[in-house]
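Each of the two complexes below includes chain A, the first together with chain B, the second together with chain C.
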Partner chain A sequence: MQLAMEQKYSQEELEKRFQDKIDNDIKIEPNDWMPDAYRKTLVRQISQHAHSEIVGMLPEGNWITRAPNLRRKAVLLAKVQDEAGHGLYLYSAVETLGADREETIDDLHSGKAKYSSIFNYPTLTWADMGAVGWLVDGAAIMNQVPLCRCSYGPYARAMVRVCKEESFHQRQGYEIIAKLAQGTPEQKEMAQDALNRFWWPSLMMFGPNDDDSPNSALSIKWKIKRFSNDELRQQFIDVTVPQAELIGLTVPDKDLKFNEETGHYEHGPINWDEFWEVVKGNGPCNEDRINTRRSAKENGEWVRAAANAFAEKRKMRVAV
Partner chain B sequence: MSKNDWPLWEVFIRSKQGLNHKHVGSLRAADAEMAIENARDVYTRRSEGISIWVIESNNVYASDPSDMDSLFEPSQTKVYRHPTFYVVPDGISHM
Partner chain C sequence: MKEHLFEYLLRLGDDSLILGHRVSEWCGHGPILEEDIALTNISLDLIGQATSLLKYAGEVEGKGRDEDQLAFLRLEHDYKNCLLVEQLNGDFGMTIMRQFLFDAYRLPLFEALIHSSDSQLAAIAEKSLKETKYHYRHSAEWVIRLGDGTEESHERIQKAVNSLFKYHVDLFFTNHVDDALLKEGIVPEMKAIHNKWMESVKNVFSEATLEIPSNNWEQSGGRLGRHSEHLGLLLAEMQYMQRAYPNMEW
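Up next is the complex of A and B:
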């Protein structure tokens, strides 16, 4: 289909028609002509997003068997199952761009493809389940809500479903942390400790400062991205700081102050060296996360083979 | 595609009695039965559906976006197919 369009129009005309559609907020669908760079950017972004959902199951999966009661356990199970679902919506979207699902997964396992760095931090206590839901899912929602209006149809539609489900994730996390913050001094300490460890990595989830984010301009022109990294980070800080204050926790940033004039919080410097170290693979859990994913695929090989053999056998029986 | 890759299936869900099945996305499964079970888990975790159709993606034939003009133009020029094309005299109702 790409070919038919290329026979009919010049490259210049194709690009103009494409950009006109984007400018008029007409969605791009899988079989429409699109520039190679647009396709490549989306394949990279959507597959990384899918990997983040799948790897994101691990830090929380760590606590399912140790949830403090049955209600918390059922909720955490449902949340982790949702993350698996989100990963699958996204792999489905990336396949519409002609990418091979297994290849994108192999790229994750070989270290070629990235996923959100936040999942390379360990979840040490039950309070971390609160911090992850409240802060990590909260930051993810900030990022994902504008993606519901992304120019690529299948990605936008997947994001609508993800966002609907994600708000329960954030609320259950805040409920956990709020409960601990109202508990014994030890429990409150645990909640504060989780906030201390997850605050800065959550701010880093929005990516480098705008000046250091060279691909952003093109993504904004193509309406893949609607807001810059710094804009989204600011929005996150503005809504989250009062949520911490309300439950008596302190955001671990001594430079944090509210600017009456702008109506925004000003924050201290982010440790970008730490961010880049984790991106490069040197975070506390990078190796463990990838090894877990790899062994899941290797150990599941016989299941996939058996399912195929069973499907073949059944086909034969129907044919007879 | 390695020998153990599962085929791709397109998933359609009827959200409630009286509505059409609507395309919601795709998934991988070894056979139709597994595709339906997976579709249940992936696409209906919050009562989004009461009926599921799956069809192997290979069996879907689609129109070519580059033919869009010639394929759909005829319907755009026949404005007389719409009731708004006709002038109804004042005082006439129920028409």
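Up next is the complex of A and C:
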């Protein structure tokens, strides 16, 4: 069908028809014609997102075996399992664009593909399970809710399912940290320390300032993105600061103040040098995270080979 | 009778707790994403079972201990799980074989316990049975797949059999506790469970082209609180928060 279209219309007309659809909020589906750059942008973004879900299992996975009670252990397990599910939907969405799941994963392992830098920070105490759910999943929701209306159908639909679960994640995280903030002095200190360590990296999750984000304009024109990095970051801050105050925690930003006129919080400077270092691979856990994923794949090689060999044998037996 | 039921519930609850903990160690490290999810499901079911069983154990004991106090604040020799469940995950084959040998025991046990004269135990068994059927199917299918997959997978899973088989007697351990509960119709005859287990093992192994080890070496003691070295380390990790920050709510 795509071939027929390409024969019937000139490149220019195809692009115009494509942009018309987007402007009219008609979803682009896998078999529709799309510009190469659109496809490439989506493959990059969705696979990065998928990798983030999978690598994101590790910092929280770190505390599953040390969860303080049975209920917390079960909730954390379920949460981390959800992230695996998100990874699966997203890898499937990448495949609809003609990318191969295994190759995509190999790009992660070779360092060619990126994932959210937040997961390169260590989880040092139980309170980090609260901070990660509250802040990291909270920031993910800000990023992902607009993606439910993304112009690419399969990605938008995956995001609808994902966002439902992310809000449960955010709530369980906030519940953990709220409980600590109301607890003993040790628990309160643990909660504040977690906020201190995760606050700035969470703000960095929205990506560089708009001025330093060259791809954004095109993504907005294609309705892959609906809001700029800075807009989303602002929204996150406006929602999160009162949540911290509510439970008596202090956001670690001495410049933070509420602007009565704009109705928004103003924040201090973000350390973008740190951000770029972590993106480049120089964060506290980059190496560990990738090594862990790589060895999961390597240790699973024989299992996948066995499953394939077995399926082949069964097929032969049925055929006979 | 209360003491006996308490002891028995600890056996069941600790089996679920310790195996659930072990399987949860896989989360994020599974050989394929789908299997990561499946193993986490199993772990979640087991933690859920442990929660119900230990909660009930605490009620039966009547000393005000809840499921978390029982799960996190006992000493090593007070855990009554079988030795099999505390064994290390090893490779995926080892984990699957451990799971299969356990599921093949748990399935007929819960099938019988749904008829227990103790209605609360029967109710827990009924819920757990549904989960265990799925676990059994999952582990048995993998045993067959790995056994009859490649040469390497066959070798690995046979190695797992050779290393884990010695712990099976521990599953079927009985003493005066079982005798007393059997008389009350609370628990089934263990002999029958053992027979069903043997039947499943034989059937699945034959399809998987695996062999039961020829030596009769047996390891037991779990039900009496005599564990392998692995349990202490597992508990050090599991109990860490409760020990480091006593008497706090989470």
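Some points to look at:
As a convention for this text, the second predicted complex is superposed on the first by the 318 of 320 C-alpha atoms of A that agree within 3 Å, B and C clash if a C-alpha of one lies under 4 Å from a C-alpha of the other, contacts with A are read in each partner's own complex, and residues count from 1 in each chain.
Throughout what follows, contacts are C-beta pairs under 8 Å (C-beta built on N, C-alpha and C of every residue); 3 or more make two chains touch, one makes a residue touch a chain.
Since we're looking at a predicted model, the values are computed, not measured.
In the superposed pair of complexes, A:68 makes contact with chain C only, with no contact to chain B. Using the contact criterion defined above for the overlaid structures, shared-chain residue A:313 touches chain C, although it does not reach chain B. By the document's definition of touching, of the two partners only chain B reaches A:31; chain C does not.
Applying the stated contact rule after C-alpha superposition, one finds that A:165 touches chain B and leaves chain C untouched. Shared-chain residue A:296: touches chain C; no touch with chain B. Contacts of A:304 after superposition: both chain B and chain C are touched. Which of chain B and chain C touches more residues of chain A: that partner is C. By the touch criterion defined above, A:218 reaches neither chain B nor chain C.
In the superposition on chain A, contact of A:85 is made with both chain B and chain C.
In the superposed pair of complexes, A:124 makes contact with neither chain B nor chain C.
Residues 78, 81, 85, 88, 301, 304-305, 307, 310 of chain A lie in contact with chain B in one complex and with chain C in the other.
By the touch criterion given at the top, residues 21, 24-25, 27-37, 40-41, 43-44, 47-48, 50-51, 54, 67-68, 71-72, 91-93, 144-146, 148-150, 152-153, 156, 237-238, 240-242, 245, 248-250 of chain C touch chain A in their complex. Of all residues in chain B, only 1-6, 8, 25-28, 30-31, 34, 41-42, 45-46, 62, 64-67 touch chain A in the complex they form.
By the touch rule above, chain A contacts chain B in their complex via residues 1, 4-5, 8, 29, 31-33, 78, 81-82, 85, 88-89, 92-93, 95-96, 100-102, 154, 157-158, 165, 301, 304-305, 307-308, 310-311, 314-315.
Residues 54, 57-58, 61, 64-74, 77-78, 80-81, 84-85, 87-88, 91, 126, 176, 179-180, 183-184, 186-187, 292, 295-296, 299-307, 309-310, 313 of chain A touch chain C in their complex.
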